[in-house]
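The following pair of complexes shares a single chain, chain A, combined with chain B in the former and chain C in the latter.
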Partner chain A sequence: MRAGAPRRRWPPALKAGLAITLAWVALALLADVIAPFPPNDHNMQAILHPPGRPHWLGTDNFGRDVLSRILHGARVDLLMGVVGVLIPFVIGVTLGAVAGYFGGIVDAILMRILDVVLAFPWLVLLMAIIVVLGPGLKSFFIALALVGWVSYARLVRAQVLVIRSADYVAAGRSLGYSTGRILWRHVLPNAIAPAIVFAMSDVVLVILAGSAISYLGFGVQPPTAEWGLMISEGQSFIFTAWWMTTFPGIALVLLALGFSLLADGLAEYLGVRE
Partner chain B sequence: MSALLSVSDLCIDVTGSDGPMRAVSDVSFDLAEGEVMGLVGESGSGKTLTCRSVLRLLPRKVAITGGRIELAGHRVTEMTERQLATVRGPVGAMIFQNPTAHLNPVMTIGNQIAEPVRIHEGASRAEARARARDLLVQVGIPDPDSRLDQYPHEFSGGMRQRAMIAAALACRPRLLIADEPTTALDVTVQAQILRLLLDLRDSLGLAIILVTHDLAVVSQTCEKVAVMYAGRIVESGPKPAVLGRPCHPYTEGLVASQPGGGVPGTLLKAIPGQPPGLSDRPPGCAFAPRCPIARSSCESAVPPLESAGPAHRTACPHWSELGAAA
Partner chain C sequence: MNRYRFVLLRPLQLVPVLIGISLVSFLLIHALPGDPVRTLVGMRAPPDVVERIRAYYGLDQPVIVQYFYFLRSLAEGELGRSVVYRMPVSDLLASRAGPTLFLLVYATLLGIVLTIALSVTAARNRGRWPDQTIRAFSTIGLGFPSFWIGLMLILVFSVRLGLFPVSGAGQGFVDRLHHLFLPAFTIALALSAVLTRTLRASLIEQMDADHVTAARSRGVGDKDVFWRHVVPNSLIPTINLLGVNLGWLISGTVVVETVFSVPGLGFLMTSSIFARDYMTVQAITLVFALATVLITFLVDVVTVALDPRVRM
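== the complex of A and B ==
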């Protein structure tokens, strides 16, 4: 390609994913402004109010506005997704890069630990750790850090194994670059794309896991507005007040869709094949 | 004139699945400031390993097992990795065959040229960028200001090679090792790059080791030639002597296989047979099985280098027979 080559076009999936995700972020940030009611305001005059004015998505068994709770819940769920992915991402990428680049005993030990973690079903291991640590968002993040890094480590290690013998790494050595500089400035930026793509789809898994764990009572505690918790609370009213479970469920699906599209679009844009 | 680079009795082993094998044996040569030496040989003759060992840039499982390398007063063979990092770049630098693969695809050209300056000279971002700009001008890249912020994929093959040369020269090295710098380029660009290397030699007093299998490239550029075969230097000396009056049957075969000498329309001369692999090198002269003047004594012991003229050395004891037969 010559100077002034056209910039790569954004794939439609990337645009759509970005739009949905950013919309959720905006809604979450503006929840205080746009939510019609405070999320934890009990209204005994409007218990299990069906969707309609003034409660557009209905109210729950305490008369709390479902729409307002979904908007405020977006904050918790986005936080869970982003922090819950960021911590394992940083740990996994670091360990994977070091293991892949240096190989030898470090690599062998790390890969055996990874095999052990991978041998357990992900969600089961996650819940086991949370139960041991005690319920709450903090335990959830710690458990994710302990369990989630393996995928990133494996992805980055595989890339680094290839890239460490790339010619531009040899060229870097021929100019006297230190090992650390070569690894962080030259190997990692070329190795990280699959991990970034996976992180986007991992956000979906983590939010779903967080909701599942809140649903089971080990995550976010009532009365905090969180989608998984809302679904769980609405379960006993599913035949009388379907809106209590349906709308948080739809919100969850929409957020997951946003991140999934983002992951697909990024994969296409960055040329990562899955 | 004291030598900038002195290599003596260099031996390099490659460790394969069945133990170490000698890839380069007893290679010695000297190079003075501003001198251009051609290192010629076929694939597998050890020329790339030899030149890479000068900066100790050998791949895993390849090790220097004997000999000494001294570069501008640094005993390269005895240095630690950390010490080597201070030599690579400011004293000796290297350019490679495939410029596309040797540039980091996700870093701008400007940053790649500026990086060594920042590391070795502690230059500020702005200083390093200014130097990178000057270097682009020096290696003949037009419109350097916009080129600095482009990525390697926006450069053509010849431009990439120029950019790589600029990065190699960023810390003003005294020795440039060029490992087949023009092989991946088309012929017109090839000539430009060789011209550029010679210009840089003249303006910077740069010594150059030019590794190639192309005798035409050597005859255009080098003052000295060393011919390698099966891990040994079989002939070395001033270019006019080595290429004009080869004193080793292998060199003679190489020269005879070049186009230009023969009758148009006839096949080029080829040397019959194949060079021996790493594991089946014969005990005597490695070229003996393919040699037109070999005799039984050639197969028993490795012939030592002997003088065939001023600074001209050959590993063939029967070199005096050569010119007569041709």
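== the complex of A and C ==
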């Protein structure tokens, strides 16, 4: 990674990513208003109704409206992505900055822990922790807090190692600034760009992991509308009701695309090379 | 550092990682809900029997002593018993490793073929529509949920066209290739989305490199320049990325095996979670971590052996 001078103009990928992401946020916030039906209302008159009027994306085996469930599901999947990245981001950036700046024994221990966590296949370790904690969204977040911080710690540490010997840090020291002030106000702001870019692509990974874990049955529990769970509920009806699995998946791909573009655009804008 | 010393020193660096993995696995088992002795003998067993069993398994010892018991049984290849299959977990895992290994190799090979085809097409049509399409694929492909892609492939190729079976692993080599095509293709699609970005970029970089211009000026044909000079030199970063993504590949296998009911370790893991067969779950976690570390180590050694410039 190399940090260069930021460019002024917004790259097209950044604009497109921001547009898609904000559109999803708006849909999620307005779900109560724009969803044509309540997400959990059973309708025995319209079971497995194919896409068409008045159920534009069809209904499921309980007669629940797929479009309405996708809109409400956007809340859960966005929440998974944002909270699931924010907690590891804060922990990882803090630990990485401290380890990189002070070095020594703290740094050595942190790097060994990092090696161990990275040795486990990510999703497998998440699942193994969720087994201990029991299924549910809360367990998913705790598992992510335990596992997800390592990437941020590594990125920030690598930057801090370079920056701590910069002239402006030496200048700060000679002016008698406290270590805390140098670290948080001078070193960290210059070290955080790669971590922010990674956070955007990490949202994609976390949403995919969260929906996969819900699909497998260990994450969000029924009857909550969540895209991975909807896909798993539709799997039994794949021969008769293709819309139950197809549309929630398209929603997932579109949300992920928004954050992937955001990551690409931000990398270009901030001059971060992976 | 010379490379023979590297080959000798690198295994030493593995030691703390291996200790860490065993510690994490031990803690995962130790933190499991419920009393393992009660699980074994039931709630109505008399207290003195419970105490005897507790002492027999060393569960009355301090945690640190229990960890050393755990290490000793690991060294003996003892991973506990599966409460569901009523057999040693090690035997159970051995019987399920075949389909997983087959799927991993199959998916990786398909993924490499797909990556090379896509990257070469993109790099040779730089800036034109095939390149734009392939770049769009590699951006969208990063967000493909593998479980959904698998179901979509089932919908098209199994339900509509009837070309491939919906589940199982098949008997014999050819049948297995046929049964596992859709699962392998699901993983390969996601893998190629990741790798195509890197390979396309390094192909383009190599096409403008001095040694390629030199080859051209010596009158080497376009085709030879591309396949004998550009492609081989572009592959190293891609192969490294493939090594880095091994853990991700294994994670994908767990999900995809479950979608297609492939009787491998991944499907065993998810079904064991449902069956509360905790020993099996934690043993699979351990085996996957060990496999990841060892294969990454081998990739490192092979890279150093192949490329004398890499001296770490």
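Assume the second predicted complex is superposed on the first by the 267 of 274 C-alpha atoms of A that agree within 3 Å, B and C clash if a C-alpha of one lies under 4 Å from a C-alpha of the other, contacts with A are read in each partner's own complex, and residues count from 1 in each chain.
Keep in mind that, in the parts below, a residue touches a chain if its C-beta (ideal position, glycine included) is under 8 Å from a C-beta of that chain, and two chains touch if they have at least 3 such contacts.
Note that the structure is predicted; figures quoted are calculated from it, not measured.
In the overlay built on the shared chain, the residue A:N190 is in contact with chain B alone; chain C does not reach it.
Of the two partner chains placed by superposition, only chain B is touched by A:A166; chain C is not. Once the two complexes are overlaid on the shared chain, A:Q221 sits clear of chain B and of chain C alike.
When the shared chain is aligned, no partner comes close enough to touch A:S236: not chain B, not chain C. Partner contacting the larger number of chain A residues, of chain B and chain C: C. In the superposed model, A:D264 lies in contact with chain C only, and not with chain B. Applying the stated contact rule after C-alpha superposition, one finds that A:R181 touches chain B and leaves chain C untouched. Chain A residues in contact with chain B (one complex) as well as with chain C (other complex) do not exist.
By the touch rule above, chain B contacts chain A in their complex via residues 55, 57, 81, 84-90, 93-94, 96, 98, 101-107, 115-116, 119-120, 143, 146-147, 150, 153-154, 156, 164, 167-168, 170-171. Residues of chain A touching chain C in their complex: 112-113, 115-116, 118-125, 127-129, 131-132, 134, 201, 204, 208, 211-212, 215-218, 228, 231-232, 234-235, 238-239, 242, 245-246, 248-249, 252-253, 255-257, 259-261, 264.
Residues 1-3, 5, 166-168, 170-179, 181, 185-186, 189-190 of chain A are the ones touching chain B in the complex. Those residues of chain C that touch chain A in the complex are listed here as 16-17, 20-21, 23-24, 28, 31-33, 139-140, 142-149, 151-152, 154-155, 159, 246-248, 250-252, 254-255, 258, 269-270, 273-274, 278, 281-282, 284-285, 288-289, 292-293.
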